[in-house]
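We just call them A, B and C in the order they show up, numbering each chain from 1.
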Amino acid sequence: MLKDITLGQYFPIESPVHSMDPRIKIIITLVFIIAIFFIKSLWGFVAVALYVIFAVKLSRVSFKLVLKGIRPILFLIIFTALINLFMTNGEIVNIGGVPLKAGFLKITKEGFYSATVMSLRLVFLVMGTSILTLTTSPILLTDGVEKLLSPFSKIGLPAHELAMMMTIALRFIPTLLEETDKIMKAQMARGADFESGNIINRAKALIPILVPLFISSFRRADELAVAMECRCYRGGKGRTRLNELKIGTRDWIACLSMLTFMAVIVLINMYL
Amino acid sequence: MIEIQNLTYSYDRADDKVGGLALNGINLTVNDGEFVAVLGRNGSGKSTLAKHINAILLPMGGYVYVDGMDTLDESKTWDIRQSAAMVFQNPDNQIVATIVEEDVAFAAENLGVPPDEIRRRVDYALGAVGMTKFRKEAPHLLSGGQKQRIAIAGVIAMKPKTIVFDEPTAMLDPSGRKEVMKTITELNRKYGITIIMITHNMDEAVCADRVVVVDKGRIIIDDKPRNVFSDVDKMRRIGLDVPQATQIAFELKKAGLDIKCDILDEQECVEEIIKLCR
Amino acid sequence: MPIEVKNLNHIYSKGSPFEKTALSDISFKINDGEFVGLIGHTGSGKSTLIQHLNGLLKPDGGSVIVDGLDISDKTVNMREIRSKVGIVFQYPEYQLFEETVYKDIAYGPKNLGLDEKEIDARVRHVAEVVGLDEKYFEKSPFELSGGQKRRVAIAGVLAMNPKMLILDEPAAGLDPVGRDEILNRIKLLHETEGLTVVLVSHSMEDIARLAERIMVMCDGELKMFDTVENIFSRSAELSSMGLNVPQACLVMQGLKKNGIAVDDKIYTVEKACKEILRYLGEVGKC
């Protein structure tokens, strides 16, 4: 049933990584992503791999789960690798005196290298963000983003409003999915067919689902707005939180580990 | 205390002809600690009345005072909403957060209550509706009755004196209805919260101390449930149900038997009929 | 047109950690022209069951035979099944989408590929059946009142010209007058056109007033399928499943328990009064 879907991929267990402040986790993830784009040598990736393994172990999430995030973009990774492999100019590789070249496709040393680097970058990018989303509940993630963006509210960035929108979206996605399922069934009971016909007919067949769905979403939005006002909601000003975000020792240690990691990367880039 | 004086309201502002009035001269006083059911057909004006108590709608004529505060005074709006909270029909459309506890905290957060006090209020509110063990759950996985209790906890966290319920059980199944009615009754009896409950369900109105029947924008009956339901003919004319036990007694009386009509449940009905047999 | 269900099983999210048996080993037969009440608490499997009757869900075991056609059979045209068995879901007004009432009612017959003339005849007929005046035809369904929207939605299903109509809580959210109007229309349709009806409801009073036989579902199983009086006479078993019986039944059963020799299989106010008067006359009290 649609009701059972889990949102995001938050994996609710307890671990040192789970209990970190979401702001620090977001910052570390961002720094990590930037770092992997600066890495040029394979030794750098060894350091990255070690750091990721360390983080996954600490988070007590299984590797399988972390790697699962790669599946949806596997095609993209392979595609990028192939493009890099065949299209990069440079010294053409010879195997047994036969140059690996056919028409405009060729395999070069440089191509081989950049294909590896690009795929590794993408893989580690996904793994890094997966660790963040697996260990941080959507609520904390939203809170973290809100707090990180709040300095920008002085220049007109609606940080609180964006976070509230995200929270409400997360809250209503399961409700709307369930509703879509209901409407679809009701229209199918009236003989609607969503599976056959050409693309135009199929798009047309969606109207009987989309119109009621929009109307009901507007109705819900309207009712929710009134209910929120009844609970004295007047924007982010003067609001307190049940769970205030707190940066603790654990978070400082994590920052320190990140700095060490950065230092290692810089050294590798300079000397290896 | 809620005081409503000669309240008039119309949804079409353009022409205020008498036929278009949703509320037409309502006078009602609800004292602290009372449990009042407002009964009426769809379109009778009962929901419009409820929305005035919370300053969602403002009077076009007359006044509404919540604890002495005039709802027309905009500087008091938030105090009024805190003092007289409101729970709506569809629990899905009033829950804001993705975790029960966070949702219950929402109103207290809006009021700027300090975090440790919010924690106390959340625990208290969840306890009052009997949902403490669900505090970490996702609301969309709960049953309708449970969701509605969460919505109730969400307003209790504001520590209101009065809660206005706008058809709180209309979208629930019988077990959900029972849960929510039990919670509402307990809030009144045990926690001393004043209850104003809008409904068209007579079974629920029976739980109240006082039933106010609204028809075509006017209050036409204001009495104890027992007296209200015993006038079966009048209730039918208005288009409302009465309990079957009351109906049986009423029909028997019409057939010429000497039986009391002001009964509410099957037990009383059986006792009365046994009296006839002796 | 009979419907026969044999050893029906249904499992949700099969093979996932959320796997849940929704229906287990259900068998029954509904005859032509019957009015069946379907009761059971939320999550008992009622809505899963009704979705099998027009092929919106497919059995994981067992079979559903509609008018001789097996819904699991790949060669069976689903539109044909759905035109034979109409379902009005809870709060059906939320499925309205067309610009006008007329077009919305015509959506079903259009999907069946009928010609304009036939569609027009059907729309006019079903509008009359649900008590919807033709003056509403060119209005937007979203401008109507709640009760009228519901009529349009029910008309939209009736326009498929089903031989069996399944209604899931058709009176939910309506006040007593609105409820009686809708239910009386359905009753009339059942009586005049011989439509087979399955009414899913939490209101035992409504079921008692309308149904001829009652199905009782609990935990994915069909616990009882019997006449109304036989079902309501088992009030203790029903209450163990979280279900109640009409108050009139409770009054009669209470009287019987107190040694008053009345028929305790009575379930409507009307009959209860008659029976009590009969008894009092017999013992010479009136």
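In this text, contacts are C-beta pairs under 8 Å (C-beta built on N, C-alpha and C of every residue); 3 or more make two chains touch, one makes a residue touch a chain.
Please read all numbers here as calculations on a predicted model, not as lab measurements.
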- Determine which of the two chain pairs, A-C or A-B, is joined by the larger number of C-beta pairs in contact. A-B
- Taking each chain's centre as the mean of its CA atoms, which one is farthest from the centre of chain C? A
- Task: Could you tell me the distance, in whole angstrom, between the mean C-alpha positions of chain B and chain C?
- Result: 30
- Query: Counting in whole Å, what is the centre-to-centre distance of chain A and chain C, each centre being its mean C-alpha position?
  - Reply: 46
- Query: What whole-Å value do you get for the distance between chain A and chain B if each is reduced to the mean of its CA atoms?
  - Reply: 45
- chain B-facing residues of chain A, complex: 3, 7, 137-139, 167-168, 170-171, 174-175, 219-220, 223-224, 226-234, 238-244
- Message: Taking the touch rule as given, give the residues of chain B at its contact with chain C in the complex, in rising order.
- Response: 41-43, 143-144, 170-171, 173-176, 200, 239-241, 243-245, 247-248, 251-252, 255-257, 265-267, 269-270, 273-274, 276-277
- Query: Can you list the residues on chain C that touch chain B in the complex?
  - Reply: 41-42, 145-147, 172-178, 202, 205, 242-244, 246-248, 250-251, 254-255, 258, 260, 269, 272-273, 276-277, 279-280, 283, 285-286
- Within the complex, which stretch of chain C touches chain A? 12-13, 16, 18, 51, 54, 56, 79, 82-83, 86-87, 89, 92, 94-97, 107-108, 111-112, 142, 156-157, 160
- As the complex stands, chain B meets chain A at residues 54, 56, 78, 81-82, 85-86, 88, 90, 92-99, 101-102, 105-115, 118-119, 122, 138-141, 151, 154-155, 158
